[in-house]
Amino acid sequence: MARRRRGGAAKKATGRADWSSWPAYEAAASGLRNYWYPVYWSAEVGRKPVGVTVCGEKIMLQRDQHGVAHALHDRCLHRGVPLSMGVEEFPGTVTCPYHAWTYDLSTGELVAVITDGPDSPICGKVAVETYPVDEAVGLVWVFIGDREPHPLHEQLPEELQNPPPYAVGGRVEDRDGDWRLFAENGFDEGHAKYLHRTSYWRIFKTMPTWNIVHIERHGRWIYRIEDERHWEAEFPGLGTWSNARPWKIKPRQHQGKMLGNTGGAKRNDPYILSQDLPGFASLSLPGVLRIAYPQFIHYEFYVPIEKGRTKYVGVMVQFKTGLAKAVFYAKYLGGIRWLFHGNFSAQDGWMVEATDAPPERLYRPDISLLEWRRLVEEGNPFDDDYVMPEDALTSSKASDAPGSADGDGA
Amino acid sequence: MARRRRGGAAKKATGRADWSSWPAYEAAASGLRNYWYPVYWSAEVGRKPVGVTVCGEKIMLQRDQHGVAHALHDRCLHRGVPLSMGVEEFPGTVTCPYHAWTYDLSTGELVAVITDGPDSPICGKVAVETYPVDEAVGLVWVFIGDREPHPLHEQLPEELQNPPPYAVGGRVEDRDGDWRLFAENGFDEGHAKYLHRTSYWRIFKTMPTWNIVHIERHGRWIYRIEDERHWEAEFPGLGTWSNARPWKIKPRQHQGKMLGNTGGAKRNDPYILSQDLPGFASLSLPGVLRIAYPQFIHYEFYVPIEKGRTKYVGVMVQFKTGLAKAVFYAKYLGGIRWLFHGNFSAQDGWMVEATDAPPERLYRPDISLLEWRRLVEEGNPFDDDYVMPEDALTSSKASDAPGSADGDGA
Amino acid sequence: MARRRRGGAAKKATGRADWSSWPAYEAAASGLRNYWYPVYWSAEVGRKPVGVTVCGEKIMLQRDQHGVAHALHDRCLHRGVPLSMGVEEFPGTVTCPYHAWTYDLSTGELVAVITDGPDSPICGKVAVETYPVDEAVGLVWVFIGDREPHPLHEQLPEELQNPPPYAVGGRVEDRDGDWRLFAENGFDEGHAKYLHRTSYWRIFKTMPTWNIVHIERHGRWIYRIEDERHWEAEFPGLGTWSNARPWKIKPRQHQGKMLGNTGGAKRNDPYILSQDLPGFASLSLPGVLRIAYPQFIHYEFYVPIEKGRTKYVGVMVQFKTGLAKAVFYAKYLGGIRWLFHGNFSAQDGWMVEATDAPPERLYRPDISLLEWRRLVEEGNPFDDDYVMPEDALTSSKASDAPGSADGDGA
């Protein structure tokens, strides 16, 4: 019964051994710098300090007496104790729990050392680093980098820059796994139809078996565009495969390329429609996924904590007010939060944790992943000296897809 | 009350600092290659894949629609997700849970990618490695190595190659500790009489206090032969020591060198007797211990998982059929499994985990360990070009034993 | 709302990057050698061996039939199994649980190998290392080093060398954290008033807000002397801060510099007073803190287990006999043990674990820490060739304090 180790035709498992084709990407294991990152719900940051790690930097967040949030390096200059263990002894300051070194929240300056008296000679001579802080979409954001920060407003998805009133629901969760693998997973068409076939979110909603996609570039976003959709497939010598089940419904109408379909929506939200998005799934730097559905937009921010650890910030935005907003919150908290931001998204977390790439061997749908990596290589679009390269992607073609040739195809 | 650090006679704790005298052995921390290893009970391998690590290699096992077991490298070529997390979407294949890459179990070839449709250009172009698989003694075995595998049949203990019907009981358990230390512990006469004196298995059975042994080589096995047996000893200036207790029985008859004695057996099994084994304890490559008792043979396979981790496969074989077989199973499951493969064997596991060698300072009974290491140095007896060395051991003498001279004696 | 990373005045967080100014101190991560260390309560060491690690050395302790405690290297010469897993098969010996190698507790010599019989050729040829052992203050001490040990008596605090009868209460606990950080924390005036403000021990006892201290050297001890005490302070632009609360009492009388005050004592112990200590807090090598209170002296021994792990030995000594001794034990066990050696001391453990120094930026009260490091640099005062340096500290001045200048000030 014994067999040789290699398959009959002795095919080699060639592929890509590392990410050296994308040097900026390969170097970004602990995150891309000079971006804003959402780190806490606004409601979670109060006058008691809290700590967070972003791109490997330890940060303390605290609100002052005027409600303004501030961020300091989370390390007392004296002996390295985290300031997030401290308390606010005087308004607008934070005091280290060990020797009561007291820092001004706005400037990071050491303004008092309680245990050394009012004439403490060290006061006013040293300061901890501060981080730019801002708030939007119900979240507190910090800027990680060493350049002058661009306004957070510019980095928000365009439809959230001057939006009508909207409601927000979401989940913030620290997860094991590389932020780059989370971003690739989020924008990937390939896995959704198979991995998520068992999610509760899809119990009554059929998904296709396979698609043909291409990627388009519009501004700072890349969009995944569906060219073909196949509900069922016959694999020669193996059998038929389909996600269709008698109790699952297919989308009732075709929303075009613009809106993702969860199968049940009868109407489209006018504000979302008005955005005229080229595709329902899009991705931008520094790792922001946008999925436009008929009634809401879902965003995922993959915030690098440190190498191998990612803060998943999943946010659902519905452009509603008044009673509709209350209904949205009831639906979100009553089910969507658990089904979509919980069970469904946990399947992605499970796979990203199990992923062990590179090495990797890419296939046709991985064109999404290749264009994302190219986008990272282009550099930070918010830099003053950024110029979009002349050969930047406008639209990928089928022949660009990997896996066609004998090599990696990329 | 203060004392100097060294003993009165300033004796040095000289000994062996490492295993460089046995280079092949020293290099084999993660196992010996080009052997068959038992990894699962046959009943545990079904059409749902299972994973195992052997000699540091990750392997997936799955049975096809004909009941034939197959082994593949447990890593999807695409993005490294373990195939043992997958399912069988089509008979005779395994499908990765992430993007539904589907591999043929026999050849390892990629035969379909469900999420890329029937015309997926990558199909048929790549393959994962396969491992030779076979079954015997109620276990599934895989061959780890890069040479053409010898038949599993040849590697089985001779009495199991063409045996009468027999019954099998056993325990498979992953344990911390080096597989080499498990093998040395298993074949070691020295510890058994002392360490296991407190085991439940020995509550009513006396063991000797000390023995004189030598080692004989017959074919690919080395045997431990008892020359002297002492039930009690008087240690000058210290006192008398004995395992004898009023409620413990000594063996009623002398079975010669051939069969180990558990104290209670009145008859010997004719098939076991007919093997005419030179000693009741024997060891062979790649780490197979055989202890012949009057009524059954006990085997231990020390399967290297990876450095510092070992799969203990303990198997008890009784050459019985019909009612006697049923009685054996009842006895085994009712007590032996827990007493012998549980409590008794756990004492070995406890000591192997506590062992911190090399460095080491060997003593007279360690002749068993020295001959085992020499056997490993000889190389793989199933290699086509294997020739037993002219100076291979036939029988050790007392003067070969370590600990006699001032150095290591080895 | 975005801000620059640095404080308004762009002050740098300069300071000390490492401890290279104190090379002996920097090298002592796993402890100082050639000292006695307390490791167990005397009552905990009996005829069943126990293990302990000190300065990275694994040690086994066991009492013989005469009640004398012995210490051996905790590693059987044969295969490295810890002897502390063994038992006493013959009086005055310890036997390894694996192969019954039996060592003399006094000399470390291998005197019998039970599993190799009375004529075992290795006996008398090898020995494990022994460690000097002694007992004092209710504790078992071992000497770690390679020089001839000085008598333990000489290393005890002077008032315990020929003391009147006394009672002892205490706590021995292994903690995460560097032994040096524990010593610095223990002698540090700075943190006590702030960190411990919330301890149960201080619920009814006010502490000052800040002090001015200097350090004096007397013999092998350095003393922290209070020059100023401030119960309250007004921090310009921030507000007033004080530990005073209506329900907390201040010390009723001034005991001078000599005795620490817990707020409630009305009388001073005559034996403690007779010591005429220059200050109530003092520190000596190899990490012994002494805090003299009106009614008892509290000692802390910071015993290095290994890098980053410390055995905290906290001992309270009261010079009482008869009924007063019984009352002391009742009070100690009924409350002090939990309040002082438990909750209060756990706050120190919490901060030492959170400390991440160097790098560090010292301030005025850290003069205590600087003088302690200098003391370590001077070398072992129990060495035969030790000479106190001519420029050894006699008394520090305020201008020596760090944090005054723009740099580190040390």
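Observations on the structure shown:
Note that the chains take the letters A, B and C in the order they are written out, and that residue 1 is the start of every chain.
Simple rule for what comes next: a contact is a pair of C-beta atoms (placed from the backbone, for glycine too) under 8 Å apart; a residue touches a chain by one contact, two chains touch by 3 or more.
This one's a predicted model, so the numbers in the text were calculated from it and none came from an experiment.
Superposing the C-alpha atoms of chain B onto chain C requires a rotation of 120 degrees, rounded to the nearest 5. Interface of chain A with chain C: the two copies contact each other largely through different residue positions, with under half of all numbers used appearing on both sides.
Once the centre of each chain is set as its mean CA position, chain A and chain C turn out to be 49 Å apart. Along chain A, no residue makes contact with two or more other chains. In the complex of the two chains, the chain B residues touching chain C come out as 1-9, 11-15, 188, 190-191, 193-195, 209-210, 212, 230, 233-239, 241, 351, 354-357, 359-365, 403-404, 406.
Every residue of chain B that touches chain A in the complex is listed here, in rising order: 68, 75, 77-82, 85, 89-90, 93, 97-102, 104, 106-109, 111-118, 120-122, 124-135, 143, 146, 148-149, 151-152.
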